[in-house]
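Both complexes shown next keep chain A, but they swap its partner, so chain B is in the first and chain C is in the second.
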Partner chain A sequence: MMSKGKKFFMYAFLTIFSLLSIFPLYYMFCAATNKSIDVIAGKLIPGTYLIENYKSLIANQNLGLALWNSFRNSFILTVLCLLVCSIAGYGFEIYHDKGKDAVFTVLLTAMMIPFAAVMIPMFRMFSSLNMVNTMAAFMLPSISTPFMIMMFRQASRSFPHDIIEAARIDGLSELAIFFRMFFPTMRSTYAAAMTIVFMNAWNNYLWPKVILMTNESITMPMLVANLLGGYTVDYGMLMLGVFICTIPTAIVFFCLQKSFAEGITGAVK
Partner chain B sequence: MSGSSKKGLTLQEKHGLTGWVFLTPAVLLICWTSFYPMIQAFILSLKTGMGVNLSFSGFSNYTRILKDPTFKQTLFNTFFYLIIQVPVMLVLALILASLLNNKQLRFKGLFRTCIFLPCATSLVSYAMIFRSLFANDGFVNTVLRGFGMNPIMWFANAWTARAVIIIALIWRWTGYNMVFYLSGLQNIEYSVYEAARIDGASPLQTFFKITVPLLKPTILLTTITSTNGTLQLFDESLNLTNGGPGKSTMTMSHYIYNTSFVQSPNFGYAAAMSIIILILVAILAILQMKVGDER
Partner chain C sequence: MKRKLISALLALTMVISMTACGGGSGASGDSGSGDAAADDGGAAADAGTDAAADSGAGQEDAAPVEGGSADENTLTVWTWDPNFNIYAIQKAAEIYAQDHEGFKVEVSEVQSDDIETRLTTAVAAGDLSTLPDIFLMQDNSFQKYATNYPDIFTDLTSSGIDFSQFSSAKVAYSTLDGKNYGIPFDNGAVINCMRTDYLEEAGFTIDDFTDITWSDYMEKAKVVLEKTGQPILTSQAGSPDLIMMMLQSCGSSLFNEDGSVNIAGNEELKQMMDIYVQMVADGTLVEVTDWDQYIASLNNGTAVSALNGCWIMASITVAEDQSGKWAITNMPKLDGVSNATNYSNNGGSSWAISSNCQKVDLAIDFMNSTFAGSNALYDDVISKGALATWAPAGESEAYNESVEFFGNDAIYAKIVEFATHTPSNITGAYYYDARDAVGVALSNICQQGADIDSEIQTAQETVEFNMGG
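After this line comes the complex of A and B, so read on.
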């Protein structure tokens, strides 16, 4: 048993840290429901100005379009990324040999390449292919990432070889083994990967800012950044934009939280 | 996918081939969107000119970097964030994770959710939240006034502006790293801790003699990813402080972005700076792996 003092210290530390972690989010929520002038005055209770803030937000920016673009881009990107990276990670681990291990080591070095370094050539490459302002140009650089392949490769390690052997004897093709045996078994790894990929796709800002230049392809993070454009900042409206931009990732996080922890555990073993 | 038509291959060769088919799409994509642009960036860094009119000029872009005060400023800023933020954040994450790993602790799930929640906010969003919290007429100054203190013009002074960026970064990323440590800790048998307690080890001894060594692979992973992330910092610099006051909080990625897309575009010079970042990231990763391999 711990001493009372130690226990008190531990709970106090965790409570203070938890409060500091959620305070900015609570502040965001309060600000989204209050008048800008009340936000500046430091009002910290939810207000009744939500509808008005919403009205000025949709008058100011094309919220529906940005939400739709963000949802569509993030959803398609997540599906493609999970498919391509999981099958690659599985391939690297289950059928591993010297050649594949060498290729994997080379892929890992790609993790060190900073995005700023490839941004300009990639922009030139996509513009010479007439792909600027397309969804494909936004997605292509994020579909296959060394980090995701590594995560699935590590997770494949815990997948029992007996299952594969048994399925082969039953006459299942290699691809069918992957989809019908591996895919359902690795649900928590997929959930963890999905959380990470969706959040990255939704929150991505630098690359869409570079490659998506028309008003029609605006995404949520770009919309939020635009809200700061005027001479005076309407804090109520700004924080409502921030709040709306945060809801989808928060929902994904809450739904997959449990599997996320399990999936990460499998990956760092 | 069934290779039964390919006669003359042993079963093992067939499986090997299937493996290659499985990993080809991912490998090709990474080559196309990482390695190929990287080589292009290097070629580009040897050229000078404005916009699309480029001509080879040897290493002149690199010699220009050495004389560029703005590059030195952004290099200093980025490394300042790195040496303050990464250690503070990782130590905090490690302490929080080992506290949360305690079997006797109640409300574990609640604490974990609260501390991890900042990760759900987008980079632009949290930059906006901290920007309005620390604005001249923002919440923090209202509180300071309430206590009878003078308000601080956070974004008007280089050091306070840097402090705001570091506070924001720590807020956003501590929970994320904590989850990795928590997962790593769950792989350590609880009986190891029980034994240490029975042998009379203090919590501090347990932390340094058991937790840290057993978590070393995870600590190494988070150190490398955090270093990499901080060296590539962009969103915070652009949306929280816009690099200001002056260029005193601007990061290297932000400067590269400005050089390529905001001021009169100079792709060659921007590419040369990005190659410098690549070299720095690589050197730091190798150093960290060397240190991590010791003992």
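After this line comes the complex of A and C, so read on.
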């Protein structure tokens, strides 16, 4: 039993820290409902200017298109990435080969190279393949990432080999073992991975900005950047844009919150 | 509870997406009704730009832009800011289309930094085919790109555009080795925007701050602080903007003609840093943390004036309740410096025609008849705060109208006139390196009390190191 004083301090501490973490979100919401000039003045209560901000946002930027593009790109990318990386991670752990550790080391080294260093060669590659301005050019570089492969390899380590042996004896093919035994058991790892991949895909800015040059391929982060570009910034409109941009990742995180924690700590109990 | 929250969020997203789509089609619906008689291509394009301009947007009428457009009568453009540059180029297209049936521009909204990233990427990848026909470039970056990547520009020297009609300081930004690579666009002439109510409280008028020197200014600033309790200036901490403006006002630069660094031993620079540091010490110049705080200080009345490029007016006029309480004059000049003037420049940009442009004649003719030859265009874009550097524009009626917000003064003509007095400066390929080094020196001096001479020496060495020699 905790003493009353201890409990009080614990609650006070937790309250302060939760307020600190919630405050930016609250501020974002307030700013989205206020006039630019009030945001500047530091108004901290929700205002009545939400509709006007929204109207100027859709008059200024193609919000519907940006949302749709971001959703489509992130969704397809997430599905493909999870599939490819989980198979790769599974393969690295389950099958034995002399060269696999060397290959894995190369993969991990690739993780250390910053994106800015490979951006120009990559652009050159895609432009010589005539793939500039295509969705595939946006997705291909992130479909297989060393980090995801490593994450799935780590997770596969805890997957009991006995299950695989038993399944083989019962006559399941290797592919079927992956999809029917591994996949359902590792659900929480997939959930964790999905959160990470989706957020990265949703928030990706530099690469899409370079490879997708048309107005038609605008994504949400590009839209938010456009709101900041002028000589004058409408802060109410800007914060509304940021707010709308945040909602989808928030949904994904809330939906998968429980599995996320499980997936990070290890899927098989 | 969690489930409810998730469903609420989901519903919200769906509603936003749906209404956003509805909004978009609504706007393009306007483009049809905007000009009902529009059934030929030219007028339809016209209506498209109209509607887009009306809503301040550039998205509705834009077809895919991959490098240059295949259509004979269409030019592709990269630029930023729907309320300013995009508006201006669409307005220009509209004016040009009146005499050239079927002409239109396809605008891609790209931020200035991103335009630079894309240009660098395209050059490094050796594939210039992705470039648009026309792009806008910040004046401060122009020399860097013209020096390092001259291949991306079309040389406009003998294009027939009369560059002598623009202010010479402005043309200098886009000129390299006597070749013109850009068509000047918006004006960055420095204005001293002052709150007349505060000045009155301190016993001054705007005339007391016109054509004065910095020493006079600093004395008056102390009086203003004493009487009103407000600092005369605010500045973003570590931002060398003010120093750069002062430097240009006496025709001095951080580089010499031959491209060598001119920081150590630059007497003007030292004098300016002394002024800045002294004003911070006096409390007449308050440093704020970031740009947003700077704008806030102007809108909230915690600064008596703003000394900046004339585009700052757009941020000042947001505070409608301060209408009539502002006035504009020129900036102070340095004491004892032979070339010192009361005029300078900060910001602004110029249009460039890319080397990938397949319709160079069309692009040049378009530019020549609009940004370098249309009073109608400049009269219109003035409503967005975009001021011309094209001298004939200053003579039109729109520029001589009085503006209520600024005490019924004909500020536009005034600013165009300021621009013509501005001395030109040398930006060079390493402008931003030099600027940043001066910024670092300034914040070390102000915040850590470092020695001015040694900081200036360090700045000189930093820039020389960055230049590889």
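The criterion applied here is as follows: the second predicted complex is superposed on the first by the 249 of 269 C-alpha atoms of A that agree within 3 Å, B and C clash if a C-alpha of one lies under 4 Å from a C-alpha of the other, contacts with A are read in each partner's own complex, and residues count from 1 in each chain.
In this text, a contact is a pair of C-beta atoms (placed from the backbone, for glycine too) under 8 Å apart; a residue touches a chain by one contact, two chains touch by 3 or more.
Predicted, not measured: the structure shown is a model, and the values here were computed from it.
Colleague: Put the two structures on top of each other at chain A: do chain B and chain C fit, or clash?
Modeller: clash
Colleague: Kindly classify A:Gly5 by the partners it touches after superposition: chain B alone (first), chain C alone (second), both, or neither?
Modeller: A:Gly5 contacts neither chain B nor chain C.
Colleague: Which of the two partners, first being chain B and second being chain C, lies in contact with A:Ala225: first, second, both, or neither?
Modeller: In the superposition, A:Ala225 touches chain B and chain C alike.
Colleague: Contacts for A:Met111 in the overlay, against chain B (first) and chain C (second): which applies, first, second, both or neither?
Modeller: first
Colleague: Who wins on chain A residues touched, chain B or chain C?
Modeller: When the residues of chain A touched by each partner are counted, B comes out ahead.
Colleague: By the touch definition at the top of the document, which applies to A:Pro184: first (chain B), second (chain C), both, or neither?
Modeller: A:Pro184 sits against neither chain B nor chain C.
Colleague: Considering only the stretches 38-46, 146-154 or 182-190 of chain B, report the one that runs into chain C.
Modeller: Given the superposition on chain A, chain B and chain C clash at 146-154.
Colleague: Enumerate the residues of chain A that count as touching chain B in its complex and touching chain C in the other.
Modeller: The answer is residues 40-42, 119-121, 123-124, 206, 210, 225, 228, 233, 235, 250, 257 of chain A.
Colleague: Along chain A, where are the residues that touch chain B in the complex?
Modeller: 1-2, 6, 10, 13-15, 17-22, 24-25, 27-28, 31, 39-42, 84-85, 87-88, 90-92, 94-97, 100, 103, 107, 110-125, 140-141, 143-146, 149, 173-175, 178, 199, 202-203, 205-206, 210, 220-222, 224-225, 227-228, 233, 235, 238-239, 241-242, 245-246, 249-250, 252-253, 257, 260-261, 264-265, 267-269
Colleague: Flag every residue of chain C that touches chain A in the complex, lowest number first.
Modeller: It comes out as residues 2, 5-6, 9-10, 12-13, 16-24, 27, 55-60, 62, 64-66, 80-84, 107-112, 114, 117-118, 121-122, 124-127, 129-130, 292, 295-296, 299-300, 311-312, 314-315, 318-319, 385.
Colleague: Within their complex, state which residues of chain A touch chain C.
Modeller: Residue list for chain A touching chain C: 36-37, 40-42, 54-56, 58-65, 67-68, 119-121, 123-124, 127-128, 132-133, 206, 209-210, 213-216, 218, 225-226, 228-233, 235, 244, 247-248, 250-251, 254-255, 257.
Colleague: Write out the stretch or stretches of chain B touching chain A in their complex.
Modeller: 1-2, 15-16, 18-23, 25-27, 29-30, 32-38, 40-41, 44, 92, 96, 99-100, 102, 104-105, 110-111, 113-126, 128-133, 135, 137-139, 142-143, 146, 171, 174-175, 179-180, 182-184, 186-187, 203, 217-218, 221, 228, 231-232, 234-235, 239, 252-253, 256-257, 260-261, 267, 270-271, 274-275, 277-278, 281-282, 285
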